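One chain, chain A, links the two complexes that follow: it is found with chain B in the first and with chain C in the second.
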Partner chain A sequence: MSASQSAVRSRAEAVQASRTFDWMILFVVFTAILGGYHIHYMLTGGDWDFWTDWKDRRLWVTVAPIVAITFPAAAQACLWYRYRLPFGAVVSVLALMLGEWINRYMNFWGWTYFPVNFCFPSNLIPGAIVLDVVLMLSSSVTLTAVVGGLGFGLLFYPGNWPIIAPLHVPVEYNGMMMTLADLQGYHYVRTGTPEYIRMVEKGTLRTFGKDVAPVSAFFSGFVSIIIYFLWHFFGKWFSKTDFIADDAS
Partner chain B sequence: MAATTESVKADAAEAPLLNKTNLIAGFMLYLVFYSFIRWYEGVYGWSAGLDSFAPEFETYWMNMLYIEMVIEVLLFSAINGYLWKTRDRKVMSITPREELRRHFTHWTWLVMYGWAIYWGASYFTEQDGTWHQTIVRDTDFTPSHIIEFYLSYPIYIITGTASFMYAKTRLPTYQEGLHLMYLVAVVGPFMILPNVGLNEWGHTFWFMEELFVAPLHYGFVFFGWAALAVLGVVNTEVMSITKLLKKDLA
Partner chain C sequence: MKIIKDKVAKLSFVALLMSLTAAMFYTPTASAHGEKSQAAFMRMRTIHWFDLNWSKDSVAVNDTMTISGKFHVFAGWPETVDKPEVSFLNIGIPGPVFIRAGSWIGGQLVPRSVTLELGETYEFKVLLKARRPGDWHVHTMMNVQGGGPIIGPGKWVTVTGSMGTFVNNITTLTGETINLETYNLSNIYFWHAFWYALGLAWLAFWIKRPLFVPRHIAISSGKADTLISATDKKVGLGFAVATMAIVAASMGTTNEKYPVTTPLQAGLLRGMKPIEMPEATVSVKVDDASYRVPGRAMQMTLTVTNNGDSAIRLGEFNTAGVRFLDPAVLQDETAYPDDLLAEEGLTVNDNSPLAPGETRTIEVTASDAAWEVYRLADLIYDPDSRFAGLLFFFDAEGNRQMVMVDAPLIPSFI
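The block that comes next holds the complex of A and B.
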């Protein structure tokens, strides 16, 4: 084997080159998904994710999973169907949450001084694990969309419940009954507060209603199924390796 | 024996497949630079960035905007001009080892692109949200915008186009034509910058309530999706690299 015929000098060097590429590929996929997913998520569900007073039992539970299932579905469409890597959803969510946590600490707290227990991100990991496990066990896009997508919506609220529960206890303040999260928002008025009052703080069943969260979660799960299908095909499209011929004209 | 010694010497003199110094230096360059930027906005955002009619706003923020825009145009032209001017005109005749070396250099560019996308699309974009939730804007050129739109976005655009240009001018893999997903991965996030025009036009209705999920921002979302096209580039690269290494890994 001459040097001109082979790219490497030994099998050991080939293995080393392959492993080095693996790490570089992982870094690029991770950071590109992080950037794309984060800008998508913050601009479609961000306000519900930024503040505890927006993390209510109705709209937060509905909106967050629907807009969050997108990139996991697309990443799975590439990583599982091309490489049989069963971590497309988890790696996407980990990337998103890393970007969010860095931001909430460094900027929401570090620059504009909102306490972290007022602006921590939502937890999306349980739903992502279910998506990956269902796909790995079934290898079926339909089953992953229906079972995994529904699970992604249903598990969102329970997955966040241990974190948000202390902030959903009722308090009385100036003769008004509200949650502790609402009280946080009352003390940290933001330029988005009028929208919050208009959109979130208006349902009579919203604040303490016991049935609102599961109903919202089911609705979110149903829509997540549809969004999963859609983004599976987006992921397939983004994975294409086609060239446009230079002499196409 | 003499020949063996000579070949060992040649191997030792040969450039490494992956230039780790370049990789680490590039990574550190953005990290140190953006850490400085974060410090700058932390200090001068509050002390000089609240009132766009104040003289100190001109000194610390508008001057920064003018300087960064000039430097970015120069850097874009210099890097892409250099890569084009020094292109390999016999790219299809390079040895497999040289091709592998160039793939590593290409991946150094892609690592830089991913790193730059993180800073632009994640770090400085969400940061902009908390700034606007805190400070009532009185200009399009708020401190967070001068960093986000006019610094971090151009930097990832410059990095992305340079990466594309390197691949197109030095790698046989990309001589087939224009790689569709590579174009999407570079042009899509680039289009976020023109979309700033729509954003600022919308926010001209001062004072508008600062809802981050407002439909006015959906243009950013649409173009942000294009970052996923990096998956298509990865797939093409994996096929090329596999071809280069396959028989040696078997």
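The block that comes next holds the complex of A and C.
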């Protein structure tokens, strides 16, 4: 068989080959995103995602969506403009969370014995679903960035609240009040993570009293819009095929 | 010749792979904390730990032990390390093999960072509850923002029993008693599994149909608009609406179930109470100090004046947690870690009692392998080649006086 001949001899074979190709690409995309996105998220979101005593109303809510919307935006750019497939955000977040769960269970718990209820990852799936649906319905990068990006930021805290609320129940401990999450951070010794490294409840949003989480979520949503645009163009650039001589598109 | 070269290359590659594989299976326990690697001046001129006591050498899972003692915050704190304005009393252990059930400075609980004053001495206590069986090196430790961890002396403690029996019961302010070790786990698993399943459902909806090749062909031939059907849009809208509805409903039910929640607690604790140390009646002037590299010994010439009303003798020199004792004056009865204790490491050319009002110049030698083992000799390579430590003088009744010394150190290589 020469290089110019087709590898398949019938339509059925072509369909089968195409499907095999689908699964191979999906597997590669999923694992590549898992690795890249996971490293990116650990380096940028890091401790805010690792520990319950970092999951606060201000900085976690602000930082996590901003640094998490990156790979979903890039994956959407590639999968939408090349294939009209609106699952770039969800597939990215599913890959990230699978990687995170493997890491938290095998490393944090399996190797270093931090309880899973102290080091579970944040839930990013609600925002990712909305991001994908907005792209599919609007077919517009601007609307996806503005509506979807804002939604990604806004849905983050309420999407995680049912998981973390039980850990925000207060406790009196040796004459001081703290949440159960604070107590986890105090009890389960992290030799390399002293308390002052913890960036929680810092900022100047004092005029909003106890209702600071929605303000932080809105701010996060606004910045997520900008980050969406940026990473969308990274994704477009990354999925170019200029290097293939016959396809200069 | 080429065949030989190829064979060598092939065998080298196989050897490399075997080495890498072997290295992966060699995973010894990391038991210590790099305390010997920390710059000597950091350990000698920042926090001086003394009167340390590890209450137990062996402890069963669920039982507690304490580390207690004092630390002096050196007044001549090095310029290259940030001052201890934001510090955290930590504990140096390999992960949560114990839980920190409590920690106090000057009687105040310190779950957060604190401000320490230079030149002051503080009393501390850390209560540990054993969690994971094994032999663990348990260190005192002070983290200083901008300075890093300043690790103190460590002692081996054995934890016996089974981690499976460990419980961490806490009663909340809402009156519920929970085991913090497993609390909320099923809720975490449920919500993560639920949302993951919903994400997978969205993915499955799309990947059940032909994906990349036919869709790329359709887009290339200008038929992109045909790839998203009206049904797709309805299903997508359903997913989005369901997502928002579930988020709103779950938040509402959570707020009903947990009506009392508080934000994470943070903030610096100021006003730590130092120990009221009695005014020292001994004054010490360091005339010169040198470290003799071949002999692993530090020699100091001190001019000591006794302004008190009872005769005194020099019993101990303590630096970086290493204790050099003159056995004729002081013997350790606290089971201090052997590797940090030079029981006969302090020699004084004339250590006869120094009478009240008397001034004497003495030659003091602190010698022990600990200088090398604990890499304190590396002080001579530090950017600010000074030493510091605590001198303890004793009278006939055993009353103790602590004097801080701090002076340049000249190395001697012959």
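Note that the second predicted complex is superposed on the first by the 221 of 249 C-alpha atoms of A that agree within 3 Å, B and C clash if a C-alpha of one lies under 4 Å from a C-alpha of the other, contacts with A are read in each partner's own complex, and residues count from 1 in each chain.
The definition used in the following text is that a contact is a pair of C-beta atoms (placed from the backbone, for glycine too) under 8 Å apart; a residue touches a chain by one contact, two chains touch by 3 or more.
Quantities reported herein were computed from a predicted structural model and do not represent experimental measurements.
By the touch criterion stated above, A:178 is placed in contact with chain C alone, chain B being left untouched. Judged by the touch definition given at the top, the superposed model places A:94 against chain C, while chain B stays out of reach. Of the two partner chains placed around the shared chain by superposition, chain B and chain C are both touched by A:112.
Of the two partner chains, chain C is the only one that A:84 touches; chain B does not reach it. In the overlay built on the shared chain, the residue A:162 is in contact with chain C alone; chain B does not reach it. By the touch criterion stated above, A:28 is placed in contact with chain B alone, chain C being left untouched. Using the contact criterion defined above for the overlaid structures, shared-chain residue A:191 touches chain B and also reaches chain C. Of the two partner chains, chain B is the only one touched by A:71; chain C is not.
Applying the stated contact rule after C-alpha superposition, one finds that A:42 touches chain B and leaves chain C untouched. Residues 15, 18, 21, 25, 82, 112, 114, 190-192, 194-195 of chain A are contacted both by chain B in one complex and by chain C in the other. Across the interface of their complex, chain A is touched by residues 11, 17-18, 38, 41-42, 45, 95-97, 99-100, 103-104, 107-108, 110-111, 113-115, 117-118, 120-123, 125-127, 129-136, 176-181, 183-185, 189, 192, 207, 209-213, 217-218, 220-221, 224-232, 234-239, 241, 244-245, 247-249 of chain B. Those residues of chain C that touch chain A in the complex are listed here as 33, 86-88, 90-102, 109, 111-113, 131-132, 141, 143, 145, 149, 163, 168, 170-174, 176, 178, 180-185, 187-188, 191-192, 195-196, 198-200, 202-203, 206-207, 210-216, 218-220, 224, 227-228, 232-233, 236-237, 239-240, 243-244, 246-248, 250-251, 253-255, 257-258, 260-266, 268. Of all residues in chain A, only 15, 18-19, 21-22, 25-26, 53, 55-57, 81-87, 90-91, 93-94, 97, 101, 112-117, 120-121, 123, 125-126, 128-130, 132-134, 136-137, 139, 155, 158-159, 161-163, 165-184, 186-192, 194-196, 198, 200-202, 210, 249 touch chain C in the complex they form. By the touch criterion stated above, chain A contacts chain B in their complex at residues 3-11, 13-15, 17-18, 20-21, 24-25, 27-36, 38-40, 42-48, 50, 71, 74-75, 78, 82, 99-100, 102-103, 106-108, 110-112, 114, 119, 190-192, 194-195, 234-235, 238-246, 248.
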